[in-house]
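Quick one: the structure is below, and I'll ask about it shortly.
Labels for the chains are A, B and C, by order of writing; each one numbers its residues from 1.
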Amino acid sequence: MSAADQIPTRAHLPGARILAGLALRAEAVAIPLAALLAGFAAFSLFLLVMGKSPAEFYGLVWKAGFSSAFSWQNTLSRVAPLVLAALCVALPARLGLVVIGGEGAIVLGGLAAAVTGTAVAGVPGYAGLILMALAAMAIGGFWIGAIGALRIRRGVNETISSLLMAYIAIALFNYFVEGPFRDPASLNKPSTAPLAEALRVGDMPWIAAHWGVVAGVLACLVSWVLIDRTTLGFAARIAGDNVRAAQVQGLPVARLVIGFTALGGAFAGLAGFFEVAAVHGSANASLIAGYGYTGILVAFLARHNPLAILPVAVLLGGFEASSGLIQRRMDLPDATILVFEGMVFVIILLSEALYGRFRIFTPAFWERR
Amino acid sequence: MDSVEIGLWGVPLAILGGAIRVSTPFIFVSLGECLTERSGRINLGLEGTLVFGAMSGYAIAYETGSPFAGVLAAAVSGACFGLLHGWICKFKGVNDIAVGIAMMLLGMGLAFFFGKPYIQPVAPDLPSINFGWWSDVPQVRAALQVNVLFILGGLLALAMAWMFRSTRVGLTVRVVGDSTDAARAMGLDPDRVRLLSTAMGGALAGVGGAYLSLFYPGSWTEGISSGQGLMAIALVIFARWNPVNCFWASLLFGGAGALGPALQSIGISEGYYLFFAAPYVLTLGLLILTSSPDRAMQGAPLELSLTK
Amino acid sequence: MTTFRNLDRRSFLGTTAAALGAAALGGLARPAQAAGDLSVGFIYVGPKDDFGYNQAHAEGAAAVKAMAGVTVLEEENVPESQDVQNTMESMINFDGATLLFPTSFGYFNPHILELAPKYQDVRFEHCGGLWAEGNPTNAGSYFGYIGMGQYLNGIAAGHATKSKKIGFVAAKPIPQVLNNINSFLLGARAVDPEITCQVIFTGEWSLAVKEAEATNALADQGCDVITCHVDGPKVVCETAVSRGAYVCGYHADQSPLAGDMYLTGAEWNWAGVYTDLVASFMAGEEIPNFLRGGLADGFIKMSPLGPAVSDAGRAQFEAVKAEIMAGGFAAIKGPLKDNAGNIIAADGEAFVETDVKLESMDYLVDGVMGSTS
């Protein structure tokens, strides 16, 4: 094929350019969907070997996760922390950094929100809530931003430092919650002082899931605009592909790394804020729920695309929402959903090998019509 | 047992004993991951492999009555997980880090799924060798109850270092890890080398898990691992992909973990959460001190996606 | 793996459940319950066969399961996060549960408090004793005076120890745990006032390696009887036995793990409590929102004494047990100081097992080595 073949003006079909553009997007939807179905098929085999009915299983997943307003409430209530935690992985990933310690930013963000909440109890209106959220984002941003800074200034590998710092964050969190910031009235469940009612985040009017979901959607949109529609995002992608090249071009690599890691950390901190202000009402050990680790999976499944993070998180939320019903109705252990998720996600990741393999999804295929 | 008052000596003794007791899973997982990463792949799923190894090892030891059969089963199941990871990652476009995370979920899921009936039964433990026979102090004798797997781990570290340095197999792994193209030019099959390295790595991680369930703490529960598999992978980077360093890093990490309980036992108990963070703080501190922007990834296999 | 054994539990895919579920598809309205068919939900924070806290509750659930006209729903490994609210709502909406036993301490605030007003005709029975005036009336809370069990453990330990040092592996320094530690030592001191107790906090309710390390550290310091207050005592028991220390159990019966080294154990006895509660609920009787009980009320029980307990130990154990059964027993009584030298109880002052002051305990008594922060 000569270079001239690829010039769009050679297209014969009206609208071929649009089709060509759509082809790539269609590929990005069709392949994961097909992989999802393949994953369902593989898990069906597993269930059959165990002597259980796949039809019943998928019926229950549908019913518990997606079929009714209550199911959606159940699903969405898990989405907010997952989305925000996933952004803490996806943003640094644009620069080629693998950050796996978002959990640390979540718990410290929650602690900061709770402590700020007791300090601003008298502040009128939403100002108190905003201060709490800012405090959470600041500490989260600092915690993960420090990982970026260590990487760029000292050459410390960010994967290991983020993991270590997550454990350190949890130790600090426990120390503060059970020591200096403990509410003496929290007898058998050491916690910070309960937040005033005015400082709680409520449910959205149309569904019994809290406003963190909206914040998660907004955070994804902001991240997408930043990455896909700004020069900063473009510079980050260049630096992610090749640090040397970026430096030669005079891009501020250090500032980009610290900025992106800090922003990711700030989102994780925000997740901590919502956990405290919308769910727990104070900071305590229940906050350490592993959302930071699940977020890693969400980000990688979404191929670090902020817009894809949302559907992936919803899917995962729905799967987890059905865990209980499956335990109760099918007499299967609670780990069934873990096996299910593991199989489906391995197959989805395997399907990434298929990108570019089908001619029907290539722009050239449509342009030549 | 007649014990002897050892007071403050309890701390160094606990650190020594803890280093020996706690470090073994780290040694095996980090050596396994070291091999995998030297071939140019990273397998983040070893946490799942470790947990599945712990479960399958315990289950088989219980069913057969032989803890060594359990270790073997753990190694075989770990190798299967490694093979799966290695096979999936040979396809172009597949992200090995992501697959590892999904495999972690799968491994833990399968371990918990099949492990339910084995939470209650008691399986036989692996034997240990008494290296403290020379001492009259029972605490010293207890600290020097060294499990065979620990010794094996130490020997394995030496053997692997030697393998990388002076054998053909080691050279092959290193070439593949440093340049896929060069390896192909030499007539090597990089995918196969990586597949086998990942399988071997998985097998070692499985053995690490069997140590947890069959020796220390020596029982199968769903909370048996508190992230040892993940942490061991981090230790490989810390050890700069050197097997002998992996061994020392694991010892250091295990010993530091014993600090918290030991300090409490001699009366230093305030802020125990901070002492519990000692291994992580220590590792991070050493990592920062030994890193520098110029030699950021000295020793890193060039084909490794994590450090590219 | 070829050895998977299907747990022969009852399958809940009854036609009723399916019908209820189908009705729930339409929306949030909970379908009316067929008369005489009660769905009871049990929610556990860990695996239900952990030889500990969760197993104790699951044994209670098993007793309820044997009752006529009752369907038991169970879910294990439910974290104290949004998850437990989802689980409770799922049991209510999909399976028509009208009586729930969310058994973990952290499920109460905020989770039960949030849901109880929303589901007025569902009864929430929470273990931990947190209910207070002003909380929803369709929620209730029960707990047992298990400190007395640890006091009896202490008596058995006091007779068995040679080193005069006993050990306690504890999760967190909260009142319920501190009360157990203090009771354990005071029981032992009722045998020999020279005895001391070393405590090590692991900081988590379930953390296998740290629990093993803590047990080893206790053995290194010469503790020859060890007990614990963590969710699953399996690791502590096995490690203690491997170091040649005697074991006193907690939560459930651990004698299968410790064999001859098992002295006795303080166990929950939820089977009786749960069947009573379910029976009253079915009969439409008023259930107290705040329910407590001890050894005499059948809320707790002691494991049978092991062979290592001496005759003298056996005699004192039985005598004190009878005293406790008679009621009004006080482990914390003057003159008593805490381990920092502050006076806890003046001469003649006593806090009986039911005293609410004990529920805000923030000290370790004289003779316990460890600190509360």
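Going forward, a residue touches a chain if its C-beta (ideal position, glycine included) is under 8 Å from a C-beta of that chain, and two chains touch if they have at least 3 such contacts.
Chain identities (UniProt): A, B = Nucleoside ABC transporter membrane protein; C = Nucleoside-binding protein.
On a predicted model such as this, the values are computed, not experimentally measured, just so you know.
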* Chains contacting each of subunit B and subunit C (Nucleoside-binding protein), listed by label -> A
* Structure fact -> The chain pair with the larger count of contacting C-beta pairs, comparing A-B against A-C, is A-B
* Measuring centre to centre, with centres taken as mean CA positions, what chain is farthest from subunit A? -> C
* Structure fact -> Between subunit A and subunit C (Nucleoside-binding protein), the Cα-mean centres are separated in Å by 37
* To do: Compute the distance, rounded to whole Å, between the mean C-alpha positions of subunit A and subunit B.
  => 29
* Name the residues of subunit C (Nucleoside-binding protein) that each touch 2 or more other chains. => 4, 7, 77, 203, 373
* Among the residues of subunit A, which ones contact at least 2 other chains? -> 174, 178-179, 333-334
* What parts of subunit B, by residue number, touch at least two of the other chains? -> 110, 116, 271, 273, 276
* **subunit C (Nucleoside-binding protein) residues touching subunit B - in the complex, by the definition given at the top** => 1, 3-5, 7, 46-47, 49-51, 77, 162-163, 198-203, 206-214, 216-222, 224, 232, 234-235, 238-239, 242-245, 256-257, 369-371, 373
* Under the touch definition given earlier, write down the residues of subunit A that touch subunit C (Nucleoside-binding protein) in their complex. => 50-51, 56, 63-64, 67-70, 73-74, 77-78, 174, 178-179, 187-190, 275, 279-281, 284-287, 289-290, 320-321, 324-325, 327-331, 333-334
* To do: Using the touch definition up top, name the residues of subunit A that touch subunit B in the complex.
  => 96, 98, 100, 150, 152-157, 159-161, 163-165, 167-168, 171-172, 174-175, 178-179, 296-297, 300-301, 333-343, 345-346, 348-350, 352-356
* Structure fact -> Listed in rising order, the residues of subunit C (Nucleoside-binding protein) that touch subunit A in the complex are 4, 6-7, 9-13, 17, 21, 24-28, 73-83, 85-87, 89-91, 93-95, 105-106, 109-110, 128, 130, 172-176, 203, 359-360, 373
* Structure fact -> Contacts from subunit B onto subunit C (Nucleoside-binding protein) in the complex sit at residues 1-6, 10, 13-14, 17-18, 21-22, 56, 59, 63, 110, 114, 116-117, 119-120, 122, 125, 139, 142-143, 212, 216-219, 221-226, 228, 257-258, 260-262, 264-267, 269-273, 276
